[in-house]
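Next up is a structure, given as C-alpha cells.
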Amino acid sequence: MNTAPRILFALALSLILCCTCGAAFAQHADRAAVGEAVAASPGSTSIDSVVEVQKYNRAIHIMAMLLVGFGFLMVFVRGYGLSAITATYLMVALALPLYMFLSSRGIIGGPKAGVDHLVFAEFAAASLLICAGAALGRLKLHQYLVLGLLFIPAYMFNEWIILENGFGLIAHGAFVDTGGSIVIHAFGALFGLAVVLSATSKREQGIEIESDFTSDRFSLLGSMVLWVFWPSFCGALVSPEMIPQTVINVVIALCGSTLATYVATLVLRRGISAADIANATLAGGVAIGSTCDFASQPAAMVIGLIAGFASTFGFAVIQGPLQKALKMIDTCGVTNLHGIPGLLGGLAALFVVGGIDRGAQLAGIGLTIAVALVTGLIAGKIVALFGRRENPYEDSEEFLSE
Amino acid sequence: MNTAPRILFALALSLILCCTCGAAFAQHADRAAVGEAVAASPGSTSIDSVVEVQKYNRAIHIMAMLLVGFGFLMVFVRGYGLSAITATYLMVALALPLYMFLSSRGIIGGPKAGVDHLVFAEFAAASLLICAGAALGRLKLHQYLVLGLLFIPAYMFNEWIILENGFGLIAHGAFVDTGGSIVIHAFGALFGLAVVLSATSKREQGIEIESDFTSDRFSLLGSMVLWVFWPSFCGALVSPEMIPQTVINVVIALCGSTLATYVATLVLRRGISAADIANATLAGGVAIGSTCDFASQPAAMVIGLIAGFASTFGFAVIQGPLQKALKMIDTCGVTNLHGIPGLLGGLAALFVVGGIDRGAQLAGIGLTIAVALVTGLIAGKIVALFGRRENPYEDSEEFLSE
Amino acid sequence: MNTAPRILFALALSLILCCTCGAAFAQHADRAAVGEAVAASPGSTSIDSVVEVQKYNRAIHIMAMLLVGFGFLMVFVRGYGLSAITATYLMVALALPLYMFLSSRGIIGGPKAGVDHLVFAEFAAASLLICAGAALGRLKLHQYLVLGLLFIPAYMFNEWIILENGFGLIAHGAFVDTGGSIVIHAFGALFGLAVVLSATSKREQGIEIESDFTSDRFSLLGSMVLWVFWPSFCGALVSPEMIPQTVINVVIALCGSTLATYVATLVLRRGISAADIANATLAGGVAIGSTCDFASQPAAMVIGLIAGFASTFGFAVIQGPLQKALKMIDTCGVTNLHGIPGLLGGLAALFVVGGIDRGAQLAGIGLTIAVALVTGLIAGKIVALFGRRENPYEDSEEFLSE
C-alpha cells in the first residue's frame, strides 16, 4: 500500500486548513467581547432572535439529512458501508468550513450572516454528497476530499451566477429555486456524472454493485431520515409566514412520489426492488424544491407523482442500457434520483409560478447544466491523478480488519 | 405470481389520487399569490407565526416517529424487514393526503388549518400504523393500502364523534385525551385486532414469528426513536405555556415504564426479552397521553410504572394463551403496547383530572371501542378480498432478490 | 442463574421510586389547576414562552443523543448490542427522574425550573452514560442501575461545587464550561475509570473486545446522531442571541476533529480504524464545550483539530500500553474521547476567553478530577458487591434466546 501520496495530501490539507484559520483569526478576533455583552442582558429577547433560532432548528434537521440520511442511504453497497459513512463524514467536514471560509472572505459569492451562512454551506455539502454518490466506491477516501476541494468552488461559482446576479446574467430573484431542485440536486448529479465519465477506467465497468439484506435495511433507514427532514431542507430559509404552506407541499410531494414508486416498481419490474423504494420515494422532495413555497397542494401531489414515476423509470428501465452505451457507472443512481427529478422540478416552475420570468428560468437551468458538466469533467481528471482503487466497493482496501 | 389484481388496484389508486388532485385544484388555486404577497414584507414576523413554526417542529418529530420509529420497530420480524419498512412508507404516504383531502373537503369532520391540519393527519397515520402492526406479515403490500383506505375514514368518523361533538353525543372538550391514548392508540389497536380476526385464516395460526440479533437491534432503534420524540407527539397541539409541564410529564412516564419493564421482564420471564424492552418501555408514553398536560409529575411516574408493568405482563403472560384461545395473531403485540396502556390512560383521566365529566369520558371510551371493533371487522373482510399471502413473514414473496 | 439478589434489587428500586413519587405528590399537587387556567386564554403567548419551547427543542435533540447516540455508539461490541441498548435505556430512565427529584427537593444543589430542569437532568444522564462506557460489558444490567444511583448524587455534588458556589469555593459564573467539557465529559470519564479500577478483577483483563461489520455500522450510526445534535447539546441553555455563534463554533470544531481523525488514523495506524472514525470524530464537540459561546471560528477549528488528533492518538497509541500497565479496561475508550478532549477543552478557556478568572478555572478542573476519582473508586467497590459477570460482553448471559 503506497501511503506516501496520502500523507503528502494530508499535510497539504492541514496546511490549507491552517491558512484558513490564520486568515479568519484576523477577521473575527473580537467575537468574545460580543458574547459577554449579549449574555449580560437576559429577558430582552427580540422576535428576530427567535426567528433565527428557528432557522437553526431547520439547519440541524439538514445536518441529520447530510450525515445520517445521505450517509446511510449509501450503505446499500455490500461490504463498502464503512467507507461510505467515512466518506460522508469527511466530505461534510470539509465542505462546511470551506464554504464558510470562501464566502466570508468574499472569494466567491456574496457574504451571508448567522445561521443563513450555515444553511448555505449545508446546501453545498448536500450537493457534494449527491455528486459523490455517482462515483461511490470508485474513489479512495482521500480522493473524496480532493473532489470536495474542487466541487465547492464550482458549486459556489454556479450559485453566484444563478442566484446572485454573477456576471449580470440573471437578475436577483428572477430564478425560482427555493429548495434547490436545480442549483443543489441537478448540479450535484450532473457534476458527479461528469466526474465519473472522466475519472474511471473501462476496466472498472464490469464490476457488479451488490447489496445484501442488512445493507438494504441501513439504506432504507437513510432514506427515511431524508424523507422525514426534507420539509426543513426546502423550507430552511423561507419566512415564518410561508413555512406551513411550504412544508405541507413538500410532505404531499413526497407522499406522491412514494405511492408512484410502489406502483411503478411493480409495473416496470413485476416485483418490488428495495433500491427503488429507498431512492425513488424521495424524488418528490427533489422535484418540489423549486416551487415548494408557490405550488398549490394538488400541484405538489402531481409533481410528486410524476417525479416518483420518472425516477423509478430511470432506475428500472434507463439506467442499465444507458450505462452500457456511455461506458460509465452511476453507483447510487443519482441521475435518476437527483438529475431527472431536479430538472423536472426546475421546469415545473414554468407552469406553477404565476408571473415567472421564463427566460431567466430556462437560462438558469441551461447555465447550471453547462457549468456542472464542464467543471465536473475537469474535476474528474484531477481527482484521477490522486490514485486509483484496486478493488472497487471493498472496505478492506483501506480499513484495518478488526 | 398473479399480478393482474395488483395492477388493477394500482390503477384504481392512481385514479382516486387524480380525483383528489382535481378537486383540490379548484380549492387552493390562489395560493401562489398569497405566497408572493407575504414574501414581500420581511421583518414583520408575528408571534403567531413563530408559534406555528414551533408546531411544525413537533410535526417533524412526529414524522420521525411514523417512519423511522414505527417503521423500524416492525423490522424485528426476521426476513420481513424490507416489507415492514415499505408498508410503513406506503401507509404514511396514503394516510396523510387522504386525511387532509377528506377533512379539507368537509367529507368527514370539521376543517383544520395550517400545521394543525398536518398534525391531525399524522395522528391518523400513527393510528393506522398501530392497526397494521397487528396484521404485520399477513398482508401483501397492496393490502396495507386497502387497509389504509378503509381505516382513515373510520378513524375520522370516531374522531368526529369523540372530539368534535359528532351526532351531539359528547360535548366539545368534555373528552380528555390530549395525546390520544384512546382516540389514537386504543382505536388503532382494537381496529387492528378486529381486522386480524376477520381477515386471517386458521391455517396461518401455527407459523412462528422469529427475530434475529440484527432485526432486534433495528427494532430497538425504532423503539428509541419513538421514545425520544414521544413528548412532541403528546405536546404537538398544546399551547406554548403548557409545553414544559406536558413534555416533562411524558418523559417521566416513559422513564417509569422503562424501569418497570426491566423489573417485570426479569420477574415474569426469569430473563430479559428484547421484545419486551423494545415495546413495553414505550407503554408510559401511550398511557400518559390522555392526561399529559394535567398530571402532576408523581402521577405521571405512577401511570408510567403501571403501564410498563401491565404491558410487559401482556407480552409475557397473556399473549400466548389468548392467541391460542381466540385463534388469532397479533404480530407486533399492539394489544399489549397500545390497547391495554391506551385504555389505562383514558381511565387514568378519571382520577387525575379535577372536575372531569366522568360520563363523557366513559362514553368516549366505550364508543371508541365499539366503532373500532365494528369498522375493523368489516375492514378485515374487505381486505381479505384483495389477496392472501402464501408465505407469511417473507420478503421474498414480493421483493426481487438482489 | 441466581435471580434472588436481582429481584431484591428490583423491589428496593421500586420502593425508592414510590417514595420519590409520594414525596413529589405533596409538592406538585396543584398543577392541574394551573393547566386549566392557562389553556383558557389562547392568543396571549409571550416571547418568554416561545423561548422556553425553543429550549425544549434542544432538550429533545439531547434526548436523541442520549438514547440513539450514546446507545448505538456502544453497540460496536459484537454480541453485546442488546445489553448496551438496554443499559442505555435503564440508565436514562433512572437518571432523569432521580436528578429532578434530588434537585427539586433541594437535597443536592439549587432548584431549577421548567425545561432548564430537564436539560440539567439530561446533562447528568449524558455524564452517566460516558462513565458507563468505561465499564461496558463488565456489569450486569442491574449493576448499571446501581451505578446510576451512586453516580447521579456524586455528579450533582460536583456540579454544586463548581457551578453553584458550593462550600463557597468557586464564585458563581467564574468557571467557564457552557457545554460541559469538564463538568459533564471529563467528570464522567474519570468517574468511569475509577469504577473500572476498583470494580473489575484481574481475571477479566485478557478478554478481547471484538466488533464486526454490522456492529460497526450501528456504532457509526450512533456517532453520526451525536455529531448532528451536538450543537444543541452545547447551546442548550445559551440565550437566543448567542445561539448562531455558539452552534457554528460547535459545527466547526466537529469538522476539525473529523478531518484530524482521518489524517491521524492514517498516519498512526497506516490504515483506517472504524473505531477511530466512530469516536474521535466527536472529540471536537467535547473540547469546544467550555468555550463554545466565546471562541472565534478559527479558534473553534484549532480546538477541533487538536482534539481530534489527541483523541485518535489516545485510541491508537496510548490505550494499549496504558491498559496493560494499569491492569484495567476502558471498553469504549472514554479516556480518549471524553477524558483527554474534555480536559483540553477546559484548559482552552484559559487562552480563548478574555478576562477569565484563571485561578477559578484551574481550581474547578482540579476539584472535578478529585471528586470524580474519589467518588468513582468508592462507587466501584459498591457496584462490585451486586454481582459479577461470568462472560463479559455476551448478551446471552442475561437475555433469553429468541
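Labels for the chains are A, B and C, by order of writing; each one numbers its residues from 1.
Keep this in mind: contacts are C-beta pairs under 8 Å (C-beta built on N, C-alpha and C of every residue); 3 or more make two chains touch, one makes a residue touch a chain.
If you're wondering where the values come from, they're calculated on a predicted model, not measured in any experiment.
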| item | value |
| --- | --- |
| Grouping of chains that still touch (sans chain B) | one piece |
| Residue-number overlap at the chain A/chain B interface, same or different (half cut) | different |
| Distance from chain B to chain A - Cα centre to Cα centre, in angstrom | 33 |
| Residues of chain B engaged with two or more neighbouring chains | 47, 50, 54, 57, 214, 221 |
| For the chain B and chain A complex, residues of the former touching the latter | 1, 3, 6-7, 10, 13-14, 17, 20-25, 28-29, 31-36, 38-39, 42-43, 45, 47, 49-50, 52-54, 56-57, 59-60, 63-64, 67-68, 71-72, 75, 79, 81-82, 85-86, 89-90, 92-94, 96-97, 100, 114-115, 117-118, 141, 214, 218, 221, 395, 398-400, 402 |
| Residue ranges of chain B touching chain C (in the complex, touch as defined) | 47-48, 50-51, 54, 57, 61, 210-214, 216-217, 220-221, 224-225, 227-229, 231-232, 239-245, 247-248, 251-252, 254-256, 258-259, 262-263, 266-267, 269-274, 277, 281, 293-299, 301-302, 305, 352-355 |
